[in-house]
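Each structure below is given as structure tokens.
You will see two complexes here that share chain A, one where it goes with chain B and one where it goes with chain C.
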Partner chain A sequence: MSGVLTAKGLNKRYGKQLAVDHINLAIQPGRIVGLIGPNGSGKTTTLKAALGLIPFEGELKVLGFDPRTQRDELMNEVCFIADVAVLPRWIRVREVIDFVEGVHPKFNRRKAKDYLAKTKLSPDMKVKEMSKGMIVQLHLAIVMSIDAKLLVLDEPTLGLDILYRKQFYQNLLEEYFDENKTIIVTTHQVEEIEHILSDLIFIREGKITLNTSMDEIGERFAEVMVSSDNYAAAKALNPIDERTVFGKTVFLFDGVPRSTLAQFGELKTPGIADLFVATMKGTYA
Partner chain B sequence: MNTMKWLLKREYWEHKGGFFWAPVVVSGLLALLTIGSMLFATVAGNKGGFHLDGNNSAINLQQALNDISDPQKIEFAKGLAVGYPAVAMPLMFTLGFVVFFYCLGSLYDERKDRSILFWKSLPVSDRDTVISKALTALVVGPLIAIAFALALSLLVLFCLMVLAAFHGLNLFGLVLGDKNFYLVILQILSLIPIYVLWALPTAGYLLFVSSWAKTKPFLWAVGVPVVGGVILTWVNALAGSPFVLESYWNIIVARGLGSVFPGSWLGQVAETNANINPDNAVSMLLANTYGMLGTANLWIGVVIGLVFLAGAVKMRRYRDEG
Partner chain C sequence: MSVQWSDNSPIYRQLKDKLVGMMLDGFIKPGDALPSVRQIAAEYQLNPITVSRAFQELADEQVVEKRRGLGMYMSENARSQLLTSEKQRFMQDEWPQIAERIQRLGLNIENLLATTKGEQQ
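Here is the complex of A and B:
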């Protein structure tokens, strides 16, 4: 098996709108991949295609299975949160735990209990009595207790406060993740997942605009603060972004050797958020 | 894996209101009504205000019961021994409604509240999910309803016999000694397989509409056949009756939508059973019911029901939820 997820010419059309535009993609096992894009960029659609939730065109294999024809087999190995607050409103905490334990061979009840013990959820509570954040906590507790080869999380922490979000990503990295697992996660709070990602994919208007490992980012991208006398020389190297800080200009370069840039000042590896803003310019224009 | 067991439990948890509490309430009301009126009758009867045989001879209940001859008493006990479950008929009618709306909602509601995205994240196939819903509607629901029906019937029967005994009419020996008293329970249970087969087209159709409708599944499920009938009536009126409307209403509307009501198959039986008496009532019911197995009506319905169920599976599987 070559990759956890391989897509060739993946295409999804809603009416005349191309939501996913001939995407090619290969995700290797043992990675934590951040799929980052503005609203309506096609990231959720791509994930839903991979999970067999929507029809699509092109070639797509997830763990060696075609999500269109082998969804049942695929679901034994994959776990996902595809949307916020999708737990049925009538169900109780103990019922959903019992049910998942009953139907999922890879569910670990003890783990789920441990996660739930860190929340205010009680076994008899119904989902409809919970706040949005509590529903997310319950859903995450279930998902984290399933030993899946691939975990797909679409905006998993929406509605959670910063304390719980930090703790969740920490748990994800330290307790859940290992080299046999792969995690694909989308979120708008990019800074919070920066330190746990091994790979980064930017998606914009249905196309992948960046697909790189976090290690490569340091080699490929550099940020340098340039004084006004060096402005023209630095600008000539085609920075992908510039902004002004304290009267100086900060340039963001893609693929310019660090040795060339070092003459202008101290180099810095840009954060995902800065990269994101730089590459997504004009999205809502 | 006992996935199916958990799927059925899941359905029961979600729809406990229809499958458990509805029969609880209806049985409670029926018990109150029947036992209450029996008590009222004895009280009124003791005061002598009881009118029997339509003549205003104002005898009291005690005398009336004492006047019953032995052959009459035996006839009465025989009737009771076979007929006592009849008091629970409204429970079966309730079941029809519960099953109807359960089927119509189950695959629609999970899309409406988007919980389908949770259910589909588990290793449970669409086929098993749809089967679990059909089983809940056609087997689990009826079993619960029958359990309540029998409990209620026995309660009412025993209250009646106790009250009668207080007034000098002891029916216990005759009723409990009648083999029909026990047989009728088995015979009622034996109706379930026929109910499954008979109700399958309606349940399948409703589940399919439930999996397909974007909004308002009730309007689609009921509105389309009814509007179709109205249009045909209209065409008939204008164009000199090219359609046989009676069979349209019978087949599409009554059979198509109404088959989830238990016993609705009896309406299809030829009326050759005029001489029903306590001795042959149960066997007659069974003969009529199992006679359905020999009709094309039943089996065509089964095929149509299975096709609709397969359609519901496909819908749930391939429907674009994006």
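Here is the complex of A and C:
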């Protein structure tokens, strides 16, 4: 089998609005991929297409299946935590477990119970009695107990406090993720997942603007603070971004060899947040 | 535990330095098992590949050894090896920077020795 997810010319229109604009993508197994973009850039739409939740145009294969026609087979291998509450408010913890056990062949009831035993959730608790963090714990208990090949997380830690957020990724890394699984995550909290990711995809106005492994970022991008004497020389190398700090200029370069840039000063590898701000300028203007 | 990584060098190298520091300080002793890739990845919120790479470099330098099915262990002679390589690294990379800073601040050897002596007394 080739990739976990391959898209060719993936297209999605809501009325006249083009939400996803001819996207090409290939995601390999054993990776943790961050899909990052401003609000309304097409992240969730792309994920929904991959999960077979919406119709779309173009080619898309997820784990070798077409989400439009082979959704049942696909759902055996995929887990999804949505950014919106999907559990009914009246349902109890034990009812959720019974339900998932009934519908998902790869659900391990024991694992779910072991995980829940480490939380404050009790079997009789209803969703409406839970805090946001507890609901995410319940989601996580189910997801981690399903031996799926692909886990899709859409803003999984939105609205959670730091304790829950840290614990969320800690649990995934310690008890779930391995080289046979793939995780695709969208989030605005980029600093938090920065070092967890193996690949980074930026999406803007329905188009992929950056698709790189985290290793490549250090090779491709560099930030350097330039004194006024060197301003013109550095500027001539076509930086992708420029900002001023204490009267000095910080340039961000893409694809300029580090050996060339070293003459201007100490080089830094930009963080995801720096890259995001630099490449998304003017999005809401 | 929350770690602030610097953006000047790759994370795996910083993690490796951290582990080396723990060995030199005696927090990890010769023959001790190192935490698993999974544990470190979860604890420090790092991609497992990053952690594996740090382990691999330590294994290549024979500071740790892989025991099949059991994990990574600190080698018996790792300490002396590390002291040699860390001394070399200090002289090569760190000392020139410190020396430059001393010069920039206009300090001399008497000033510096006086402070350390003062602390020791």
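Simple rule for what comes next: the second predicted complex is superposed on the first by the 283 of 285 C-alpha atoms of A that agree within 3 Å, B and C clash if a C-alpha of one lies under 4 Å from a C-alpha of the other, contacts with A are read in each partner's own complex, and residues count from 1 in each chain.
Going forward, a contact is a pair of C-beta atoms (placed from the backbone, for glycine too) under 8 Å apart; a residue touches a chain by one contact, two chains touch by 3 or more.
As the structure is a prediction and not an experimental result, all values here were calculated from the model.
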| item | value |
| --- | --- |
| Contacts of A:Pro88 with chain B and chain C, given as first, second, both or neither | first |
| Chain B versus chain C as contact partner of A:Tyr14, first or second or both or neither | first |
| Broader residue contact with chain A after superposition on the shared chain, chain B or chain C | B |
| Which superposed partner A:Lys181 touches (first chain B, second chain C, both, neither) | neither |
| Which of chain B and chain C A:Asn76 touches, first, second, both or neither | first |
| Chain B versus chain C as contact partner of A:Pro105, first or second or both or neither | first |
| Partner chain in contact with A:Ile54 - chain B first, chain C second, else both or neither | first |
| Touching partner for A:Ser198 - first (chain B), second (chain C), both, neither | second |
| Interface residues of chain A shared between complexes with chain B and chain C | none |
| Residues on chain B engaged by chain A in the complex (per definition of touch) | 1-3, 5-7, 9-10, 13-14, 110, 113-125, 317-318, 320-322 |
| Parts of chain A lying in touch with chain C, wherever the complex brings them together | 32, 166, 169-171, 173-174, 177, 179, 192-193, 195-198, 214, 218, 266-271 |
| Residue numbers on chain C that touch chain A, as the complex places them | 5, 7-8, 10-11, 38-39, 41-50 |
| Chain A to chain B touching residues, read off their complex | 12, 14, 19, 44-45, 48, 51, 53-55, 71-72, 75-76, 79-83, 85-92, 95, 98-100, 102-105, 139 |
